[in-house]
């Protein structure tokens, strides 16, 4: 079966990682996975949330949001509705957990880094693009701190990248675009470290429950996709 | 390594499923996984959400909540804070998705079933206990509808059960209690159908990223745990 | 006129007071007035609200809530609606005032006790059942504090119990169940101390304004009902 | 014991009822009980709330609020805090119930009347002043409707007036001003119809529980006070 | 063209400024511009907002609101809706900025003055009446502080007054009443100091964009109107 | 006095208008005024707000927002705070009013156009950049509708552009950047049509009230700035 954009089942969309897109943020990246475009901004704050004060440990958190017209039809703003939806909460928490997997809190000292991931245009895989881009913004923010000798140690102990996989019309596919995503029977987001361990595995049977063999095949695709994204992150950071 | 309550690594806590705990709900279950106690109430509504009207299809949704003193220290009510937290949203969505996996919307007709899962006492695994109990309440509610000839077909096409697994001090364990949960390096919730397929796999590296072999071992434990819970659900429903 | 459940006009419904229903709360009671079932949890906090700090005085407060399917048809959660309704506020305030009538703030020291009263099943008289049960949970929490020598004195100076009375089809009745409550012309909630003084008298003419003689007859019924509940509280506490 | 303003225990403060204070409302009253000053506006709406449509019956409701600087120190606006406090809810509900006691819904037809009671200056007894003034605004609004032949019958079947009573330093007093109110051991608000029946009796032991004899004495004072207010309402309406 | 109330194009409505309308506020004014009636209360607070603490400087702020039945048809309360509308925010900010133009923060010391402007009756020009009245309440509050030696200097360095102007059916008019306001092509609010300088100029083309000559003519009218209001403020303050 | 970026007092910053920045919106523009970067998206909706239904007339509205890290230090999201601030409301309303000045509602038919203006990077003049960019997005959206024959007539009857002017250290300047804006004594935003008429004039004395001569000089600068922006809009639209 051919994919709508002609890709092979195990092929990522064109990925672009532009660093320094915002001149005022300590780290910032405009990341694109095909038509998905997310602006990731890292903010360094010289303090930690109240529950962590005096611990000597740092903190990393994230907020995800989507502009109202990032999608094909307009969505109301969550600020106008007066509350944040479940999906937004869930993805913000996922991004935060994922990035915390590559940080040594002690080496960070009592500093916080907030990752704002705003989807400017959505075409599937916004959360995985956000994690992949936010890691690069985080790395830049930590480099900025290191230059200013703000950290007692080397806080960046790993990298993280993320990709979606899914089963569409019976076929396991890597990095679903929006039309594939809505047609998927099973949808899985996988977050991995740069050295190949799992940080998050979130698989959902949207329509048909899936068996162990399918799960294994999806994990294979995701592992390969994350490896490729890890290389692209390294390239971007060494540019 | 011995577990705090003396269980084997692959052993569930004592499970209790009491049907008909509320006299007014169309289905209701007080489910206990050890010290975790969740009241699941199924409400039948003769209409569907606006976006689904006229489709001829039914809908199933869920709301999860915790009483303020379900836990060891008191938490503020979300109604008092004026907003629902991210965790609550996330679990409500998980329970809803899980239960929708065992329902044929067409056979349900334009009816909704709401599953309210209120945690009266929490000792780890509240979301998996909620799913396991809510399935039984759902089955009772559908039986209630069937008696009244409200459904055009047989809406219940499968069963679902859920269990948590995790790695504590290097050892994969089934059905974590609260003290194990906080000590876990990796935490995974698995939802399965009665015929052994996956509905949800949500694994998170709380502290240390995990490798593929660990993931496989955790899945093995979860599969066996869900099989056992499926039998307990059947027993409860045939009582 | 016969009552729907065959009771005499001056007869309470079967009352059950189960202590220690929650293993983690400092005091907890599952109280039942017929089909009304309220879970009362007392939480001890080693501090007082800001406006009371440094006064040397303690504080007692309460929060009342109803599970969505406690009633015959489902009600939306107040956490989902994003605000607490007037009725909930009003009852929470009533329970708090009632329990404060049996506490010596000075003897309590700068500690707070929060009484969470969650209605699991509603069949009329939920606020009076909540007060009656919460008193027992409060007594257990104070005993817990006394064992730990947390209080400078003996904070429990009285007991409180509460009951509803009303006029249904011209006849004054004690302890209305739901069907009686909706049919009542006048509805009154009375809170009394264990030594027979009034803490709250709240009478409302739902349909027909009432005269002084009716008011007197309702108070007679309530006084007798509270006396009986006081005995049941004592029994429960001495068990 | 002398009262701070020299009144006898059974004496009302000077009462003023100015009709037509707002030129655009269908009924409006500026009511004063001593230093307490409440603006009551009645709005006629040619429809009823959704739950009452098609019933042929009318509806009456009320909203109570206090300007931020009605009191001796400034209170934050509830609109700024983003939610309405329990006290405001409770009083709004009380005013609404009280006024509904003098209206025949059938004679009103499917029309609503909203009574807005805004406290411009507070010196105790704001809720009882509000009820007493709102009744006059309601009567004017119904007269306005009757002139326009909007009602199928004569909706005004009674009048209501309200007054507070309380025990201060052991002495039962009528119509407490603010300094008396804060010093009161027991505080009671009584709403009565023009023909001397009770609509609401809300007595609260602020500090010391009260006995039956005290309750009776307070009721005596309230009955006499409401009679006097009823006369003042009639005078105002015939002016 | 004759104005509906017979005024000349450059004529203000009858203006009334009653000081001391509230007995508890440090400054208070009931201001009337024709049928527009605004209650302005000034509250002195012996502290400043957190972001200004330790600066030695004072602060002045304002809150504007409208009673639900100030207008011809009833508006829902913003406290009931749970949020403040854009118009309310905008006018509150305008009033605050305007009054800050006549205060020397250093001379005020670390004290705040809050101006509450509540529209009791609206007939056009509520924001300009509010500013004009609030200035007088502010002056009284500062006099109150000066008597108590609360300020390190003389905080009142100027006066402010405000008026609306607009183009109705091609004719520039001063001080629009409500019916003129809704018919206006252009609407402008002008705030000026007592010595004739501009604090705010807010002109909006409601229907037809306006040219420079019209803008100049409107400014001429506004300048004259503010001068007249300044005199009325002085008279009121010297009474 | 030299400006920080070397511009003349009457010189705009480099302006860039990129059309079609979003592939899914009916019109979209990334507009830059120096370091200020705003993404403007126009959404066409085939219906109007409820209050306008059946009128045969269209509607245009706007929402302004700023990403949390658009500024030099991070601001909390309004969606997280749960309410929209006064400044956001005020600017959204200004943008909406400004764009409505160039639309013929009758020719638009019963369609709405929503302009979302999201500030990605802020360096002064975000609201004027938003208006200038949103006009181009609006023109593209109307062209899109015209192609699809959705409009009964030619809705675009004019163009609008906006610029800020202000007095910094006594000198009137055009198009203030952020550092100039915070240093300004007077700040004015001017919105003009393509044919040179005023739509909005909003001048505020931040520190020192301003005289008529200064007002005239600021208007001169703004008129020239808006003319230049109008040309740039035409160029962008003809590209």
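The chains carry the letters A, B, C, D, E and F, assigned in the order they are written, with residues numbered from 1 in each.
Here is the rule we go by: a residue touches a chain if its C-beta (ideal position, glycine included) is under 8 Å from a C-beta of that chain, and two chains touch if they have at least 3 such contacts.
As the structure is a prediction and not an experimental result, all values here were calculated from the model.
Peer 1: Listed by label, which chains are in contact with subunit D and with subunit F?
Peer 2: E
Peer 1: Starting at subunit E, figure out the least number of steps needed to reach subunit F through touching chains.
Peer 2: 1
Peer 1: Turning subunit B onto subunit C with a C-alpha fit: angle in degrees, nearest 5?
Peer 2: For the C-alpha superposition of subunit B onto subunit C, the angle is 180 degrees.
Peer 1: With centres defined as the mean C-alpha position, give me the subunit A-subunit C separation in Å.
Peer 2: For subunit A versus subunit C, the centre distance works out to 50 Å.
Peer 1: Taking each chain's centre as the mean of its CA atoms, how far is subunit C from subunit F in angstrom?
Peer 2: About 59 Å, centre to centre.
Peer 1: Give, as an integer number of Å, the spacing between the C-alpha centres of subunit B and subunit A.
Peer 2: Taking the mean C-alpha position of each chain, the two centres sit 28 Å apart.
Peer 1: For subunit A, give me the residues that contact two or more of the other chains.
Peer 2: Touching at least two other chains: 82-84.
Peer 1: Contact residues on subunit C for subunit D in the complex?
Peer 2: Within the complex, subunit C touches subunit D at residues 83-87, 89-90, 92-93, 97, 101, 158, 188, 192-193, 196-205, 208-212, 215, 219, 223.
Peer 1: Which residues of subunit C touch subunit B in their complex?
Peer 2: Answer in residue numbers: 22-25, 28, 35, 39, 41, 43, 45, 63, 65, 67-74, 77-80, 82-84, 88, 114, 116, 118, 120-121.
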